[in-house]
Amino acid sequence: MTQPLAVAVLGASGRMGSEAVRAIEAAADLHLVAALGRKDPLEELVAAGAAVVVDLTVPDSTEQNVAFAVEHGMHAVVGTTGWDSERLGRLQDLLALNPEVGVLIAPNFALGSVLATAFAARAAKYFESVEVIELHHPNKVDAPSGTAERTAVLIAEARAEAGLAASPDATRTSRDGARGCDVDGVRVHSVRLRGLVAHQEVLFGGVGEQLTIRHDSFHRESFMPGVLLGVREVGSHPGLTVGLDGYLDLQA
Amino acid sequence: MTQPLAVAVLGASGRMGSEAVRAIEAAADLHLVAALGRKDPLEELVAAGAAVVVDLTVPDSTEQNVAFAVEHGMHAVVGTTGWDSERLGRLQDLLALNPEVGVLIAPNFALGSVLATAFAARAAKYFESVEVIELHHPNKVDAPSGTAERTAVLIAEARAEAGLAASPDATRTSRDGARGCDVDGVRVHSVRLRGLVAHQEVLFGGVGEQLTIRHDSFHRESFMPGVLLGVREVGSHPGLTVGLDGYLDLQA
Amino acid sequence: MTQPLAVAVLGASGRMGSEAVRAIEAAADLHLVAALGRKDPLEELVAAGAAVVVDLTVPDSTEQNVAFAVEHGMHAVVGTTGWDSERLGRLQDLLALNPEVGVLIAPNFALGSVLATAFAARAAKYFESVEVIELHHPNKVDAPSGTAERTAVLIAEARAEAGLAASPDATRTSRDGARGCDVDGVRVHSVRLRGLVAHQEVLFGGVGEQLTIRHDSFHRESFMPGVLLGVREVGSHPGLTVGLDGYLDLQA
Amino acid sequence: MTQPLAVAVLGASGRMGSEAVRAIEAAADLHLVAALGRKDPLEELVAAGAAVVVDLTVPDSTEQNVAFAVEHGMHAVVGTTGWDSERLGRLQDLLALNPEVGVLIAPNFALGSVLATAFAARAAKYFESVEVIELHHPNKVDAPSGTAERTAVLIAEARAEAGLAASPDATRTSRDGARGCDVDGVRVHSVRLRGLVAHQEVLFGGVGEQLTIRHDSFHRESFMPGVLLGVREVGSHPGLTVGLDGYLDLQA
């Protein structure tokens, strides 16, 4: 049997972080060697002998956390937001100096959601019509959701590349907003309902048929299989990968 | 065995009318005694001995057709649009003079759709959140659909009567139209997709649960069971009934 | 303003009981006067002045708990299982002696689920075809679920009363189990899937149309609105009521 | 502008064939040069100068039709069933002698259905649980559908390859058939409902999440975009391809 992989968690006392600690402890092939909070020094990562660092902290500290890991030859799996193109550029410079190190920055660790988006992008060029419906709890402050926007953008790109015209729509009389919002020519509808968590449907329509790709996220813990997959795979993907789909095998 | 009911169809060469002719001919308890087109004189209804007249003509002629039927003691089942409050008023005056005659004016004969709307109205007061999604073929010119508007209005009335506040919604940043249109405080979303016919979902959300009432209309022929139910029942409902739900038994 | 209703919870340290305690404490019109565990004497209910007793204990103790309440003039809302016809008979005898007391015994407090079943029973006679799909977490030991069985039985009764034949089915070659199980002539399918909680779809099919009534239970806390509705209403329903639907207003 | 592709249809008077004739005539980049019925000699294909032959005939004649096409240097798109391994072997021998010719044999031309199956096979290894529900009109004689069986087999293969155990299932008490049928360890449920055509849902479940891939086929004409795609692509795929998914581009 191979030795368990030594994993450290940064942001271990946060909501995502504490879930990650639990998930890593429960995985037979992983060994949690450090669980650091806000005030713990990063040097503990070295002392603990971490091979992979999971960063689930805050936008303010994620860049220096990841830089520390890379400089010390540790791979990093990052769920923290705030990685704009400037930060990504600096990280790539750093990775060029440490070519054996892998970093995964993933805005979404729910495997089903990542697969749903990937499938939607691949199906896009085969259908005359497409719309997106996302459904969330009523405390969400933005509409549409970031995932829905990203899905719509990828669909729009695939349609453009295939030379497809806009989805047909004969609407002449409409109440304001009935037809949803327009994201690069793709209509997106946002539903807010007590009881829901995070859900999304992509509806493709062609003559006489419909293809629907739906993802339901019922709990925050749905992110953990994706985090574990990232932890296990990051060592075999040197350099920077943005998006968990880069680690998924979608070939036949 | 009882004698078959003598039924006549007006507008028999139209799309709905020809379906109705077929459906009546196929029903063992009904006897088609006349199938009139635009230019056929209404007197043929009398000669044929029609007990029930099905009007599937056009807004311009429906009022005189129904008046003729009522004056000759025939019940009428009406699928033609164009019955505004003025016309309805004149019809009720006429029915007051012919108290044994029944008239059903139904904007929608799809049993499933009528039931879905009735159930949505009854469920409305038990849920904190509600939204409506209607989905149609892309040649539809109005959004939202008339059925969705009517459903939303009925839901809004039921909520108001029960003293419910608006569905919760923390949205602060939104693309135009993402949250759908507002029908009396109920959000309605209109999807247009090649391949679809006419579909509607009412989504109710409460703490930890969701109730969804969905209707799919795949074909125009879905209206025929409702037309036949109207034909069979109109004789037992003297006076004017608007909406097929008036004939449905929704008690336990 | 009216005085809050004095409510006591039996089984207050159990999973359902502790949720009920929280829900009652959060309701402005209710006042939690007692929260009893297994070993607390029922006499505390009297001392506390409870007007309504919520029993969320175990089958072994529920009958004596409810009897105590009724004999002391307290209404009871009961979520505990184990009420067979013999127990119900004894309870009705007791209620005959205390005609002003109301008891609600509800196998299911999720409003959406109760409504879904009630709507399905009402829709049943209008459709040629019907099947039930229930979906649960994979730790469930019985299939189909009790709710699905009860829904199917009610549908079967409504179809029989309306003189409907069996749902059409031309299947000649079939793998064992493909067509689900048969509950009084209604096909029921049980899906078990990690990530799910408790979900049910009733599918009605007619010529060219489909009506779907779906309920999703995402959390145990979805039962609380139904418990509160029971607590508020039980005083106005003297005698025994089985099933929360007896308190729901399903008229137009 | 490039010259339209010369296409011939065999079985042109059948249900599928006549749809294909219509679809090819409506496509600007295709030119229908022959539409042959059962008794028309195959030599007309040569006289008409067909570049692609669409075979939508019957199992008895499809092999000789395709052989004729291949021997005359025409590509073939085949929707007829009955191609067992023996026939396929003979066809491959023939294609070895005509290496520039392409033949597509597709059991299913609905693009959405083919994509749904392909996506399900790719998603299979990422989820702990999976079940398949297929829903059809009540005149279907077999259960489950061929597409559902094939989908389940592909899912089972992907799970086996990834070393996944069976989907978790704690069922101890069950009515016969409740848990569906077992196709290589994957549970499949068959629903039969008046009003439906052909529909399929693949449900994947993981901790806290669900991925659903659904396809609805509302009309036979839904096969035509797939037939046209086959016609346009077959010339660039010399040799034998079984399944339209071989022509689909599922890479990012």
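Just so it is clear, A, B, C and D label the chains in written order, and each chain counts residues from 1 on its own.
What we mean here is this: a residue touches a chain if its C-beta (ideal position, glycine included) is under 8 Å from a C-beta of that chain, and two chains touch if they have at least 3 such contacts.
Chains and their UniProt names: A, B, C, D = 4-hydroxy-tetrahydrodipicolinate reductase.
Quick caveat, the model's predicted, so the values are computed rather than measured.
Contact with both chain A and chain D is made by B, C. Of the two chain pairs considered here, B-C and C-D, the higher C-beta contact count falls to C-D. Chain centres here are Cα means. That of chain B falls 39 Å from that of chain D.
Work out the mean CA point of chain B and of chain C, and you get 33 Å between them.
Here the spacing of chain C and chain D, counted between their Cα centres, is 46 Å. Within chain A, the positions touching two or more other chains are listed as 127, 195-196, 204, 206-210, 216, 218, 222.
Contact residues of chain A toward chain C in the complex are 195-197, 216, 218, 222.
Of all residues in chain C, those touching chain D in their complex are 127-131, 133, 135, 138-144, 167-183, 187-196, 203-210. Chain C contributes residues 110-113, 115-116, 118-119, 121-123, 125-127, 204, 206-225, 245, 248-252 to its touches with chain B in the complex.
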